[in-house]
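Below: one structure in structure tokens.
Chain IDs A, B, C and D follow the sequence of writing; residue 1 opens each chain.
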Amino acid sequence: MSAIVWQLLHALLMVGLAPLVTGIVRLAKSRLQGRRGPSPLQPYRDLYRLLQKEAIVADSASWLFRVAPYLIFTATWTGAAIVPAFTSDMTLVPAADLIALVAMLGVARFFTALAGMDVGTAFGGIGSSREMMIASLAEPAMLMMTFSLSLLAGTTAPAGIGAFVLKGGIHLDVSAGLALLSLLMVAIAENGRIPVDNPSTHLELTMVHEAMVLEYSGRHLALIEAAGMVRLLLYMTLIASIFAPWGIAQPDEPAVFAVTGLLLFLVKVVLMAVALAVFETSIAKMRVFRVADFLGGALLLALLATIFIYVSEAV
Amino acid sequence: MLIAAAALSLLVLAMVAVVAGRFPVVHRMVYGATMVAALVLTGGALDHLTGMSAGEAPTTVLPIGLPWLQAHFRLDTLTAFFMAMINAVAALASLFAIGYGTHVPEHRRVTPLFPLFLFGMNMVLLADDAFSFLVSWEFMSLSSWLLVLSDHRSETNREAARIYLIMAVAGTFCLLAMFGLLSGYGGDYTFATMRHTELSGLPAHLVVVLLLFGAGSKAGLVPLHAWLPLAHPAAPSHVSALMSGVMTKVALYAIIRVLFDLNGGVVWWWGAVMMVVGAVTAVVGVLYAMMQTDLKRLLAYSTVENVGIIVVALGLALAFLDSGDRLSAALALVAGLYHALNHSFFKSLLFLGAGAVLGSTHERNLNTLGGLLKRMPITGTTFLVGAAAISALPPLNGFVSEWLVFQALFRGPALPHWTMKFGIPVVGALLALAAALAAACFVRAYGIAFLGRARSAAAAHAVEVNAPMRWALLALAGICVVLGVLPVVVSTALAFVVNPLIDVQMNPAAGMGWPWLSPTGSVKGSYSATVVILVGGLLLLAARFAVRVWGVRKLRRAPAWDCGHAEDIANAQYTADSFAQPIRRVFGSTLFAAREEVEMPMPGDMEPARHRVIMRDPVWDFLYVPIGVAVGRIADLVNRLQFQTVRRYLLLMFLTLVFLLILVAVRR
Amino acid sequence: MILGLLPQVAWILGFPLVGALVLALLPAWRWAAWGNVVISGGTLVAAAMLLGQPLPRPTRMFLIDPFNIYLVVLTAFVAFTTAIFSAAYISREAKAGQLDAKHLRFYHGMYQAFVFSMLLALTANNIGLMWVAVEAATLTTVLMVSLYRTRAAIEAAWKYFILCSVGIGMALFGTTLVYLAAQPVMGEGELAMAWSYLVIAAPGFQPDLLSLAFVFLLVGYGTKTGLAPLHAWLPDAHAEGPTPISAVLSGLLLNVALYALLRFKMIMAANGQSMLPGPLMIAMGLSSVSLAAFMLYRRGDIKRLFAYSSIEHMGIITFAFGIGGAVANFAGLMHMTMHSLTKSAIFFGVGIITQNAGTKHMDSIRGLTVSHPALGWAFLVAVLAIAGLPPMGIFMSEFLVVSSAFAREPLLTLPLAFGLMVGFGALLHRLQGLSFGEPLPMRGHAHPGFALSALALAPMFAHIALVLVAGLYLPAQLVDWFQRVAGLLG
Amino acid sequence: MTYEPLAYEFDVAHMIDAMVLMFGFQLLYQRRMQSVLRSFALQAVALAAAAAWQAHVQRAPHLYATAAIALVFKGMIVPFALNWLVVKLGIHRNVETALGIGPSMIVGVALVALSILLVLPVTGKATALTRESLALAMSVILLGMLMMITRHNAVTQVVGFMALENGLILAAVGAKGMPLVVEISIAFSVLVAMILFGIFFFQIRERFDSLDLRYLEYYRGDRQ
């Protein structure tokens, strides 16, 4: 029973918190760049404004174009609902492990890319093809990361891994470090952050994600934007729940722990947001075809992580 | 009995189609009857699967074939599973063909062979001795060869058919030698005796190698896949669906039958070899697919990829079997069978979809299609389901089997052998890569063909296909969804199929019971499509509700914006080639030596600038072409013998005689 | 009587012998053609009589045993069907003015003489008599190969004659050597040349002499069997003669020559300590298969193509007997039977095709399944059968050869399988070219009309039907014979 | 009743056989058509002598028939017929060799050595024919074949073929009590051979002016 309640709270939290996190990142970035920047609540306003606008759909678009935003948002949200943020006592925790999580983000990407091509414009195509190229390397990296973690913790479920870490299963470990590194790289790529992509650009040559959603407007755009924000938060949560699971309440622990866990979670998220901002401002966007090398590196790191486990086992 | 009747009725149908082929209605009737027969066969097989708990596998012996051997046929669970799968697909393909059959070029050459082809496949599954197995096997190859040849006026089809049959026969020779080894030098070719004779050492290894060559070439393992992307598209689409969706499975059946049933012992590196081959096949196959612009050929290559995934699963099962971890072996095998099942459904769905597109636009080239989703809503939607399923997206069936494969793979490092410990992560990486690329590949295929704007008049005036075809597509799409949403049910059934091969009863929901698919215990990771889709649906409604509440409902149709560059030329869209470009640069430049050439016209003249992509196929360049050249050279060399004088021929004879005499002289 | 002529054999040999004389004198070729059919029919009936009754005791000159009984029937049968086909074929040739009455009289007379000599060779118990018969068969066919009197025909016949006469000489010497080996054990006279006695007394023979003899016999009869590198006469003789003759050459004569060789192999096997013929036969078989396989690629002339395929199949059979053992020998015997049925069927088809197309050049023939459905599909099936695809009989024998040989001699079987593959590639290439694609215009004789074309097609269908049935079901009696002979062959 | 011949009878037999072989060498050695035919006739005569001697030794009168056949057909008719052909068809008189005289002699010697090597292990008792005669006969056969393959001209090839058959007969007559059927067949083969050759020559003459086989191979089997 409590599981369902926590689950609902968690799901709502994910959606409710996501714009704020994005806002914090933006704020931090503009501060770092010496601007005052908008308030962290700005994303909420943006979303609301978009919802108020009428949606314009290109003549050449099919029904898919209109359905896609809902699917994208839902898929991302469902994914987010799985990763424990402050308690792992949730209905959905056993319903999907990391592999399934990757796949759900895959669903979102699949429809984003299709939507990008639906209108039949050049930019949509650019976006989709680049997005799929990036994904074709990011997903394997993610899965390999899962692989090495499952070797360490003996499970593919994020909650399970977290629990394992809490039990002190993973001390400071080479393979864990490598896995974390590759996860970070993947997260950057998947959220279209600098240096892979620039969320705030509309420059034809560089943009990837933006190119796909170019044709969207009104509520559809709102959904897609929201989905993006949720995805960012999702990755932060994931990293937190796997590599810094401290404070996440376990099923067998009393409910109070969940509250402390929530507070801790907020702290973690804010920290990560700031870190992301710092990273983004300190690095330059790379050419599209360098991304392949970047993610290939991620994949390799994940692979190394797995190999290193044997090394540590062997000794 | 029922099964036999249905199988024989297929032969009769072929006769009917030959005799009365000139009336279109006959073709519809034949396909209809084929569907019924296939349904009966499916039913029989399923009934056997469900009622199989007690009874032994019934064996029939017919007084044909080798005189001292006779023809043995047997229906055990493995056979029943494959029969159910094959005939189910075949039934829907025939349903499709009721509407499609008479639109095929040279359809009078197609209809009679369709039932024969199905008959051959069923016989392969039922055969219980090497002779009838190979006869049926070749029967299958021959009928499909003629089907590939049906549109025989095109040179390319003839070429494809030729290569196909040559490789098929080569494969048969391998299997022939293999059975020779399995049966020992006894001349008793029944599978029963093969089960009892335990091979070991070199013969056993040889068996596996020959099997991988023989059945592997049929299944399309790299580098023996060369015929597949030529032959499958050349056949009419409802036949391609069978060839790609089902015939490859028959080949896999052969592999399973021999490795897990007949060949007795296991050696770890067989599994290793299969995994490596499978992984390479998967990646290479999907990369090929990514580069194709011909829709049906793209699908054929993706078949290669999926076969690779299945073979990896089989190899993994072997490896576990060798290490004695039967439960994991069962898991891997279940994963493989599950993927085989899924693939046969969504691949036939996709091929039939391609057939529908071909039927109403007469175009197979992606760059001439576009915007079909609006013109052909049913076809477009079902194809979307197929594409999503093959890209392993939850909650569809493709994902479940992929999930199982990875679950099995993640237990690989438990294997004792170090090659495995280090190899399996790499295999896993390759599989993951293949999966991701598959998604990219089908986004491309679907996006170019069904979305955007029509790139040709044919595509612009396409119309939705007729009822039988629509129903076939819908049914297949439905099956894909069901197989995805009820993973526990399906994999329980599969565990039951696997049981006699590995003799361990695996419980797919070991962890937490229905509907949580958790074959390896609750802690090791679980997946519940049922719950996920439920929650997903709720969240979708929630999102919809939120938008309703806070948003406005207004919606305006307008010309595309496209950063203001929008112009109404369909050619300005991304084409299949341009979509593939990033991945081609990343992966293809080394593997396919892919280059891009731009021809700029001289200043002043009017012709457009041209952009060409040049790719080379390593398999052909380094394997098949050299063989062909070598044969040609030798043929030329030998051919000189035809043009000698009588005296020289006498000389030859004389030398032979003297040589033999010397032989006799020195032998003492 | 002195020759110890068996009554059954008397009938079998009498029909063709008398027929030869009658037909040689009969002026009207139309009558001769039908007479040919009737006489062959009579021979077939006489041969079929053998099947019912128990095997007669062999005399010094003649014997009927499990080995030759079915070959006799087979020969009579193919001779009969070929006679029917030739009736249709000849009438078209004559209408087109290719052959005149004189040549036709000669042709029919020789046809029967040829059949006679083959049957004689098969039924002879005396190895000398067998030799005479085989040689007679050569001479008659030489005359028929040169029937068209074209430059090519004459050269082919000349080649054929010279090479086979030399071969025959070798065979005679081999026979003499066998007699020399036998004489000390069995005393002088005919007894020492009667096979059925030789095979019993064989263990006492001098092994070295036998090995020597076998070499000469292999070269001698091997030449007539068309084993590479002694095959040179075969393709041209097949290509230049009238097609019915090509059919009987491939279908029957080669079998007879091989039969003669096998009789001696039995003696070797019975003797035991002489040099085993197996390796020699395997070597010859492999060389034939591989040479023919590659030769097939450069053939433009349809009749030569199938002549080379005959060489290939003779190679397979020789290989099988070389491997030896119950299964392989069974396969060899089966293959002999199936090959003669299938190959003659193919040559029937080839005859009609060349007459329709007016050319033997395959590049100018295309799309037969479209232009002549019945002929085209039947031809397709026949060629697939010869290529060893199921459910035809040849598949069964190839299955047995390869699988049993691979279990024993993998290294020797690889080249065989490879050769078969290569040959298959060539055949398939040509087959697709002939049967499919947009048909080309036919510049041959005028269309014969329904009756005649049906007459021409009937034998082909009959053969294909038989091969198909044999591929699925073999009568127990035949199997029994095969197995007994396989035992004797060692 | 079987009769064991005396030693000297063997020696005589061997002597005659050796003469046959010698003429075989002479055939190889000749450069002119006429002399080739002459030495062929001589070989035939020697053969006839061998046959007659065997008839005498073995008390086998039917062998006299063989001797007669050999003498009449091969010793007289064949040489005359061939000679007539040479004249009638205006074949140039000297032999065209593919392999020089000297080398072919050497090869011939090697062949004789081979046949001796082959018959060595055959123990004398076990055969109806002594080792020597067997070796000699075999060498005659091989020499005949050698002649066929080292001479271009059709007539010389025919001669070579005949020489080969002489070897066969030599073996046959030596074989004790070999049934008549063989001799008949040989005679018959010679007869038919002659007839056929005649037919061929006429047909060939209809089309070509020369008998040289090189013209006959004008037709290249299967031109692509």
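Odds and ends about this structure:
Following the convention adopted for this analysis, a residue touches a chain if its C-beta (ideal position, glycine included) is under 8 Å from a C-beta of that chain, and two chains touch if they have at least 3 such contacts.
Everything numeric here is computed off the predicted structure, so don't read it as measured data.
By number of C-beta pairs in contact, chains A-B lead all other pairings.
Using the average of C-alpha coordinates as each chain's centre, A ends up farthest from subunit C.
Put simply, the C-alpha centre of subunit A and that of subunit B have 35 angstrom between them. Here the CA centre of subunit C is 31 Å from the CA centre of subunit D. Subunit B and subunit C have centres, each the mean of its CA atoms, that are 44 Å apart. Note: centroid distance subunit A to subunit D, computed from Cα atoms, is 99 Å. Shared interface positions of subunit A, i.e. residues touching 2 or more other chains, are not present. Across the assembly, subunit C contributes residues 158, 162, 166, 208, 212, 235, 298 that each touch 2 or more other chains. In subunit D, 118, 121, 145, 148, 157, 216-217, 221-222 are the positions where the chain touches two or more neighbouring chains simultaneously. Looking at which chains touch one another, you get A-B, B-C, B-D, C-D. If you check the complex, the residues on subunit C that touch subunit D are 126, 128-129, 131-132, 135, 139, 142, 146, 149, 151-152, 154-155, 157-158, 161-162, 165-166, 168-169, 172-173, 175-177, 179-181, 183-184, 187-190, 192-193, 206, 208-209, 212, 235-236, 239, 298-301, 304. Per the touch definition, subunit B reaches subunit D in the complex via residues 642-647, 650-651, 654, 657-658, 661-662, 664-665, 668. By the touch criterion stated above, subunit A contacts subunit B in their complex at residues 11, 48, 51-64, 70-71, 73-75, 77-78, 81, 91-92, 94-100, 103-104, 106-107, 109-110, 113-114, 116-126, 128-130, 132-133, 135-140, 143-144, 146-148, 150-151, 154-157, 160, 202, 204, 214-215, 218-219, 222-223, 288-289, 292, 299, 302-303, 306-307, 309-310.
Subunit B contributes residues 370-371, 373-374, 380, 384, 388, 391-394, 399, 402-403, 406-407, 409-410, 413, 421-422, 425-426, 428-429, 432-433, 435-437, 439-440, 443-444, 446-448, 450-453, 511-512, 516, 518, 522-528, 531-532, 535-536, 539-540, 543-544, 547, 550-552, 554-563, 565-566, 570, 572-574, 578-583, 585-586 to its touches with subunit A in the complex. Residues 98, 111, 114-115, 117-118, 121, 142, 145-146, 148-149, 152, 157, 213-214, 216-217, 220-222 of subunit D touch subunit B in their complex.
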